[in-house]
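Shared between the two complexes below is subunit A, which pairs with subunit B and subunit C, respectively.
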Partner chain A sequence: MDFNVIIDNFPFLMKGLLTSFQLAFLTIFLSLSLACLIAVGRISNKKYVRYPSAIFVNLLRSNPLILIVFWFFFLVPLITGTPLPAFGSVLIAFVVFFSAYFAEIVRSGIQSVGNMQIKAAQSTGLTYPQTMRLIILPQALRNMLPALVTECVIVFQGTTIAYIIGMREFLHSTSLVAERTIRPIELYLFAALVYLIICFTGTRIATLLEKKE
Partner chain B sequence: MNYEFNWSMLLEEPYIDWIIEGLLNTIQLSLMAWCIALTIGIIIGSIRMMKSPILRFIGTFYVEIFRNIPLLVQLFIWFFVFPLLLPDNLMRAWNSLDGVPFLTALIGLSLFTAARVAEQIRSGIKSIPKGQFNAAFSTGLNTFQTYRFIVIPYAFRIMIPAIASEFLTIFKNSALTLTIGVAEITAAATYIESDTFRGIEAYSVASLAYMFTTASVVIFMTWLENILRIPGLIGKK
Partner chain C sequence: MNSPLVEIKDLSLKYGDYTALQSINASFFPGKCVVICGPSGSGKSSLLRCVNKLEEFDKGDVIFNGESLKKTKNISQIRSNIGMVFQHFELYPHLSVLSNITLAPIQVKGLSKTEANENAMKLLKRVGIDDQANKYPAELSGGQQQRAAISRALALEPKLMLFDEPTSALDPEMISEVLKVMRDLADNGMSMLVVTHEMGFARDVADEVVFMDEGKIIERSSSKSFFEKPRSERAKEFINKVLLKI
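Let's look at the complex of A and B:
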């Protein structure tokens, strides 16, 4: 084994890792925003809001991420008429897919706070948006924080799937170098180690947050 | 968007064969991987609850390694790296096996999911009141017997929802094995798409297959959960 190949190709590999991080952060930010809307829709008492949100969530949660990526890779150019770059197409698929998972976390976070709090808050004269913002959401956020962090780790692991449609993220960069230098052992083990360190840190944080409660 | 649908082409040869083969591969792979993952997961999960620090360390080590490396990376390691690390004669034997991609996928999926199952088992065992252990020990059961007769049957019923959702996870994760050449249902859909350019029809078949299976498993598990419910536990309607 010769780990010099990693040092030689370090800038190239790190560029891939940066793309992975960009994809993960954009996905988390956008899908979490979308998820809050869906979660509120899921617990709404209006049927025409509740049912579509429930269908959206269950539709996406019963499909594999890779299939959703294929769907958007095929559908987006068909609808817009022009092919999107891989990053855009993957990002849309990821945001749609993970918003369903984040929505379930946000929903159970809101529901964990308890109905009486809403009534108590409203009896002190707060309006519904005020109740949500000042009373429910801060508590809900604290309750769902460990699950949110765990889901962020899953998003980061999920970025490897962008490899399949040829986006130059970390795993793709690794495999390109592995093919070029014919050193698959060193490179794939290196990739595994990098993912392990990043995701282990994430799951550690989630465990600590859980214990703090 | 102008797109002419042609659903009937899905029933034509050879596409119908690809779909059937894909479905069979997906179901076979996920069922087999699920059984292996449950077995290993139960062992690892129990090991993590033992008194011996060495055993506990082994269990934790396994879980942290296998759940923190993305499944795709694990599949690549089993597919590209593992055979290279074998001694020469074993490597030749491995490469001459039939269906190496399927076997690799099976190993990768099982070991990955086993770590997740182990975590579910651990939290299931943790949810058992300490009194149960003490009562079992006081009747003269040893550690193995306590786990075999008291803890696991009890924990198992608490964990049914989690175990069902692990099957669904493995079922969906099996789609990733198309990267190492397993012709499962998502792969079949991509073959049809690249052969006919009919992506909507092809991906619909795959999506429907996943959705149908998910719905069936959820319905079956809800029914099973009702039957196996432990009387007297709080939190059940």
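Let's look at the complex of A and C:
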């Protein structure tokens, strides 16, 4: 075992980790924003809002992430005629995919707040959008925080999927170094350690948040 | 006679197959305190929630201050003129007591934060909990929470106050502090519709009593005559039950 390969290739590996982080953070930020809209749509009493939201969520949740990534990388350019850059296409696929999962978390969070808070807010003359933004979502967010953090960990692990279309995220960078230096054991151990630290930290945070309630 | 503040016209409400309200007709006049009572499931709370359209009624209409709730394009505007107090307070747990009260005046009426805060502090003083302004609802006792909720409803300077069993979720020793606030409001000429089982309040404070059963108004009379000479058998039975607790 020679762990010097890691030190020698540290900047290259960290660049890959940074890409993974960028992908994860952008995915979380964008898909969570989208998820709030979809979740509100899911519980709307207007059928023309509720049905499309439900179809979107169920369609995406019934497909593997890798297929969605393929769709945006291989098939969308065929339709539009212009290829998307790897990062852009993966990001879109991730946002679309994870927004469906986040939407379900947000929906159950909203429903955990209870109908009477909506009625109370509306009785003071707040409109439905104001009620959602000022009263329901802040409370829902608090209730769903543990589930959200857990999902963020899953998003981070999911960034490895970008490997298959050649994006140099952390796992891909690790594997490139492993092939070049013929030191797969050291490198994949290192990769496992990095994912363990990040994801275990996330899971611990989720557990602590759960206990706090 | 002045014109009614609330006119309920042939109002019906169903929850699925269950009929909550059957062709209700009633008018309520400004400055009056009216208690709505009756056995549980009689439709009192449903009727109250129709007055600010928190419940979508199937048939009929409610006219508030001359405006039809059925036809209005701006229900939020109408609701901001009707304060409502709920059985379980329904304060916003993520906001301080002060923010609970100032939220709607700022968002709905466009008051400045300073102005809204000043008004809120006056209201909190009036209900005797101005020292609790910066606490969160969970840190207050039930009675204090309900008084905060009343302040929240009053902050919009409503023309009408609706009380939906405001003391039913309170410990006995806290009921009187809430009733005192309500009595004070009635004495100051606030128009009030109160769903309650507090017959003492109905007798001493209310101008009129509306007795409901099975989604219908059975009897309506001045509170004095309701308690002394109830006309219907069902009202007699009800009064005996709640007053004598037999």
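Things worth noting here:
Just so we're on the same page, the second predicted complex is superposed on the first by the 213 of 213 C-alpha atoms of A that agree within 3 Å, B and C clash if a C-alpha of one lies under 4 Å from a C-alpha of the other, contacts with A are read in each partner's own complex, and residues count from 1 in each chain.
Everything that follows uses one rule, which is that a residue touches a chain if its C-beta (ideal position, glycine included) is under 8 Å from a C-beta of that chain, and two chains touch if they have at least 3 such contacts.
Here the structure is a predicted model, which is why all the values come from computation and not from measurement.
Contact with neither subunit B nor subunit C is seen for A:S112 once the two complexes are overlaid on the shared chain.
Contacts of A:P184 after superposition on the shared chain: subunit B is touched, whereas subunit C is not. In the superposed pair of complexes, A:T124 makes contact with subunit C only, with no contact to subunit B.
Once the two complexes are overlaid on the shared chain, A:Q157 sits against subunit B while remaining clear of subunit C.
Residue contacts after overlaying the shared chain place A:L134 against subunit C, while subunit B stays out of touching range.
Of the two partner chains, subunit C is the only one that A:R142 touches; subunit B does not reach it. Subunit A has more of its residues touched by B than by the other of subunit B and subunit C. In the superposed pair of complexes, A:S44 makes contact with neither subunit B nor subunit C.
Within the superposed three-chain model, A:W71 lies in touch with subunit B and out of touch with subunit C [touch as defined at top]. Residue overlap on subunit A between its contacts with subunit B in one complex and with subunit C in the other: absent. For subunit A in complex with subunit C, the residues that touch the partner chain are 116-117, 119-127, 130, 134-135, 138-139, 142. Considering their complex, residues 49, 52, 54, 76-77, 79-84, 86, 88, 90-94, 103-104, 107-108, 152-153, 156, 162 of subunit C touch subunit A. Taken in their complex, subunit B has these residues touching subunit A: 1, 3, 64-65, 67-74, 76-77, 80-81, 84-85, 168, 172-176, 178-179, 186, 189-190, 193, 199-200, 203, 206-207, 210-211, 214-215. Put simply, subunit A touches subunit B in their complex at residues 59, 61-67, 70-71, 74-75, 78-79, 153, 157-158, 160-161, 163-164, 171, 175, 178, 184-185, 188-189, 191-192, 195-196, 199-200, 203.
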